[in-house]
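We just call them A, B, C and D in the order they show up, numbering each chain from 1.
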Amino acid sequence: MKKNLPIVFVCVLLFALFAVVQVGLSSGFISSYWETNIYLIGINIILAASLNLINGITGEFSLGHAGFMAVGAFAGGVITLNLGLPFLLAIVVGMLAAALAGLLVGLPTLRLRGDYLAIATLGFGEIVRVVMMNIDYVGGAAGLMGIPAVVNWPIIFISVVFTILLIRNFICSSHGRSCLALRENDTAAQMMGINITYYKVMAFVIGAALAGLAGVLYAHYYTIIQPKEFNFLLTFDILVMVMVGGLGSLTGSVVGAVLITVASAFLQSIPELRMVIYAALLIASAVFRPQGLLGAKEVSMNLLRKWGGVLNGSDGSKQAQ
Amino acid sequence: MALMEVNKLSKAFGGLVALNNFNLQVEAAELVGLIGPNGAGKTTVFNILTGLYRPTSGSLVFDGHDLYGKHPHQITKMGMARTFQNIRLFDNLSVLDNIKIAYQAVINYGLLPVFFRVPPFYRVEEQIEEKSLKLLEIFDLKKLAQEKAKNLPYGEQRRLEITRALATNPKLLLLDEPAAGMNPNETSDLLDLIKWIKDKFNLSIILIEHDMSLVMRLCERVIVLDYGSIIAEGPPSEIQQNPKVIEAYLGDEEVASWEK
Amino acid sequence: MNFRGKKGKPVALLTVLVFVLGIFAAGCGGGTEESSADGDTIKVGVNLELSGEVATYGTGIKNGAELAFEEINADGGVLGKEIEVLVQDNKSQNREARNIAEKLIGEGVVAVIGPATSGNVQAEVPVLTDAKIPVIAPAATAPEVTYDEKTDTVKEYVFRVCFIDPDQSQVMAQYILDELGLKKGAMMVNKEDEYSIGLGNAFKEFFTTNGGEIVAEEGFITSDTAFKSQLTSISSKNPEFIYVPTYYKQVGLIIKQARELGIELPMMGADGWDSPKLVSIAGAESLQDCYFTNHYSIEDPAEHIQSFVKAYDEKYGATPDSFAALGYDAGYLLAEAIEQAGSADPEKIQEALANIKDFEGISGEMAIDEKHFTVKDLSIIKLVDGQQTLINKLKPER
Amino acid sequence: MEELLQQLFNGLSLGSIYALIAVGYTMIYGIVKLINFAHGDVMMVGAYVALAGTIMGLGFIPSLVIAMIACAFLGVLIELVAYRRVRPVSRLAALTSAIGMSLFLEYTMMYFVGAEIRTFPPGVLTERTYNWAGIIITNKDLLVLGTTVVLVVFLQFIIYRTRTGKAMRAVSYDGQAAQLMGINVNNTISITFFIGSALAAAAGMLIGMYYNSINPLMGMMPGLKAFIAAVLGGIGSVPGAMLGGILLGMTESLVAGFGGSMYRDAVAFIILILVLLVRPTGLLGKDTQEKV
């Protein structure tokens, strides 16, 4: 049986990570350009992990993630910008609003089979965009501008840790197992007494709420949000992260989000080629490894031992890029 | 009162009548065989009983509950479990997880403990795990607990599916062709296993099976379906002599050989 | 919260750690945050839409600005130093526009030119204001780019070369009422685009308060290609002209489809019309009786304009559109400000820019007022058989 | 009244564009059971190939034929590269691959030709406008509608009257059984993609000429709309796709013509979701029950 990482070890590593980045930021050692990328990595991890909860863990196929994110972003923005209320409330409201959207989409569309569901959720994302554009209270097409820029490294860090813990705890519970069961075989899952509608909706709601969290963070970092940003291409980016990392693997989503965000930064000067590469990656990961880079495997102590010294070597190897 | 009581059950798909006026009574701790040629509607009966299909007409009462319009997961919780003709395990999950998922029908916790990992969470999780391992031990699958279900040999997959069905704590177990694809040795092991679980877990069983020797040796009562209707019902010895049954089967074989 | 795993289950956190550390390490190389003012060259950042939705605007500005800096450097540079231009592509996304601004700050630029669209400029402004680096937006016509009406605050570090949208709408409304004598108008606005919405709203206000009437108002979105439904609906209200303040991609389709439906009304628009593509999409025969406001006209016989057109044609083999002219003006405006400041210190440049009073550009003589709005003439251009003719130059009243 | 009629005609011409794309879309779905997300983008490639043809001075028909042949092979290649391996494994993996292929085509094209709009050289098609009692329609509208009708008849003929069509229907009904009956399933699917993509190319050229404006992303929205049309008409049914396309076009036109132009796309997606929920087989689709 695989051994778990000692909790103290994890906590120390996390604190070290937090501290190193924090010091790097406040000393100006990390340039503001890379600061943005670090924040973006955080937001993308949340998005990829939450999409993976719906698509990979539960085996539903949602293409509406940008829509959920938009709902969170605009709801959060309204709280701080239009109403002048605190950021923490924006997070709560943004997540609740997105969760509600998840419920609204989840309930009717659950009768749909995989690929139909995918297209229906894609439609939902587009509808959200059109609706946002027509609501003057959230700025119409111009969107919200001048949202307070309150997001900083501690907030991003805590949100990412919160998201991963939440999803991890969910997967390693009876509820998570029920979701896995319905992914594996929904007929058999019903025969095990699992209410599949309930769990499908639950996955949608949790996934949407976390996408909403990412939206609130996004809004309060970039300070400007426009409906047109939350289009299908955004969902596509997240899908690439999930697929490259491995459908169903939480660790994979994290790795995928980091890899794709960093790759995106390096490919900045050749944007068309960037999309070509992403598209090719998506095709390749679907064709050759439907299970993705890490498959459904998770990083555990055993795997880490196999990698041996990856931790020590990581600084040097990354610098070489 | 009978554990399961089905009256005048009919099911039509579009214009095709798959089941016509089907009646069934199963007493507690009874083992009933359901046989008939391919396409006779046997699996349709199971699908209706477990709530996967909604009947066109007729009534179903199980353990005092009306089953009409109930969802499969609700029916499972009333104490009905089944296996499938083509094995349906949670292929990519471990053997242990397959069983744990089944136990969750019986013991579970709410959503908040999941996120905040309060003590009840661990208590229930440990309980589920303990019970699952015990059950696996009984069925000689404990050593495979961490294997992915899809990596098990065929016979063990069948056994795991039955074990998983039992984990939902059923009163009535529906077995859909459990001996399909088994050699005579495995079949005879299976026969012992079914007898044993019936007594050990105090179950009623409905068995769909093509292997006549198994049916005849195992069942107390046999129902024969052909073209969606019951053509005979009685103890195995009578059924073997029934001319209608012989004709249905011979006819079937004739057609089969003719098609080849 | 408890992090007590029971099985060998995901410890994704660790991966976060490994990779963020990796990024951190990779990130270390990037930032050398020192102003280049003391070096041999003056670094200027150019943050433009070179790909994506509005790549043509960014490309025009880039060509214009590069031509300007080339000429300036050939004349011995500014304050005896050569100007070094760092051009970056923001993919027409405001997120990227902001990222680029941060990257440019890291490179130590003294000022940033661009982006082209108002939305993308607004995305970069907070970052650059924090870093106290001035921005020259060549073509951001939305008033709020430099001045927030709600809070009555001026965005100190943002300047622009172009006029603002209300000027365009006002001049066009005035022209329609006074010169053409039309009173009943219809509008077609891209509701997904703040440029189009801003122009539409301002036009409606000027037109109706000065005695005109808007009898029909229809909307569409950027991805639309079929406009006959809206046009049919407009035509049934019998307007005397249609105001279509949007970009040439849609304008071309709208005018073409209107003419196909037999709607021969005059069509009016704004600087977004200025592209040779307009003629190829709509067809020259459809482009009759069309008017739009613009920054300048290549028809303008003034000497400096014609020499610019010639130089541009020599370098790029094309006629410069408005964006090229504005990019060119942005380059010279910045050089002038550095010259006047007598230093390449970003804050001194900012002060100098705020005091620009009579800068003579290709797009006209301009002054920057207290809201950082640019005061200048607008050209009204008429299309006949797809050919542009300059028919008037008007100064908006403010 | 006249306005309403004109709106219906506007809807008919918009709808026949959707229908034109939808017939190929629905044929591929009907036989392969795969949402070929890239169908709209094959159409885009067809438009560019046809454009290249006309720029080189070829006429309308030669350009059309070249575009159709090029895209037919492109379609076969796409199936080979992106779908063949995953098709039997998982529909979702196949859909993911299809989405990837869609963006791959869009951005590869953009990489080579740029994002800028291209227009056909003037004179490839002489445009005429007809005015029937106040209702205005152009020869382009008639061309698109006529082509759609011809294609529907052509496809129905292929599917129901030829050997290949019989094989297609067999593959559609049960791929494994078809294989056992000696049908080469992969070849049949390749042929399906060959025909479907050739039709997409024809649609691409016609639509490019219709609007006289093509760009690398032109296939995205119409592709989705065509899918909605196909679902509305009953996915897999070729006449259904035509009916669905025209109904969708008319609905959109009425929505846009009577004040809801902003909600045109939203309405289309709502129709999609409603049809999927209420009558997943669409208007002309066949009822099928999934086996448990």
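The rule we apply is simple: a contact is a pair of C-beta atoms (placed from the backbone, for glycine too) under 8 Å apart; a residue touches a chain by one contact, two chains touch by 3 or more.
Computed from a prediction, not measured in an experiment: that's the story for all the values here.
Asks: When you average C-alpha coordinates per chain, which one falls nearest the overall C-alpha average? Tell me, please.
Replies: If we average C-alpha coordinates per chain, A lands closest to the whole-structure average.
Asks: Select, from A-B and A-C, the pair of chains that is joined by more C-beta pairs in contact.
Replies: A-C
Asks: Centroid of chain A to centroid of chain B, CA atoms only: how many Å?
Replies: 41
Asks: Rounded to the nearest whole Å, what is the centre-to-centre distance of chain B and chain C, using the mean of the C-alpha atoms as each centre?
Replies: Taking the mean C-alpha position of each chain, the two centres sit 70 Å apart.
Asks: Where the CA atoms of chain B average out and where those of chain D average out, how many Å apart are those spots?
Replies: The separation of the two C-alpha centroids amounts to 46 Å.
Asks: Based only on mean CA positions, could you tell me how far chain A sits from chain C in angstrom?
Replies: Chain centroid spacing, chain A to chain C, equals 34 Å.
Asks: Pull out every residue in chain D that's touching 2 or more other chains.
Replies: Chain D, residues with two or more chain partners: 262, 265, 292.
Asks: Residues touching two or more other chains, restricted to chain C: which are they?
Replies: If we look for residues of chain C contacting two or more partner chains, we find 1, 4, 6, 51-52, 191, 221.
Asks: Two or more other chains in contact with one residue: find those residues in chain A.
Replies: 1, 130, 133-134, 187, 272
Asks: How about chain A: which of its residues touch chain D in the complex?
Replies: 61, 63, 108-109, 111-112, 114-116, 118-120, 122-124, 126-127, 130-131, 133-134, 187, 236, 239, 243, 272-273, 275-276, 278-283, 285-288, 290
Asks: Could you please specify the touching residues of chain A with respect to chain B in the complex?
Replies: Residues 1, 166, 169-170, 173-178, 180-181, 184-185, 187-196, 202, 296 of chain A touch chain B in their complex.
Asks: Please give the residue numbers of chain C that touch chain D in the complex, ascending.
Replies: Against chain D, chain C makes touches at 51-53, 55-56, 191, 218-221, 223-226, 228-230, 232-233, 236, 249, 252-253, 256, 260-262, 277, 280-281, 283.
Asks: If you look only at chain A, which of its residues touch chain C in the complex?
Replies: Residues 1-5, 7, 10-11, 13-14, 16-17, 20-21, 24, 28-38, 41, 45, 49, 130, 133-134, 140-142, 145-146, 149, 160-161, 164-165, 168, 171-172, 222-224, 226-229, 249-251, 253-255, 258-259, 262, 265, 268-269, 271-272, 298-302, 304, 310-311, 314-315, 317-319, 321 of chain A touch chain C in their complex.
Asks: Any idea which chain D residues touch chain C in the complex?
Replies: Residues 3, 6-7, 10-11, 13-14, 17, 114-117, 119, 122, 127, 129, 131, 136, 138, 211-213, 218, 220-221, 252-254, 256-259, 261-262, 264-265.
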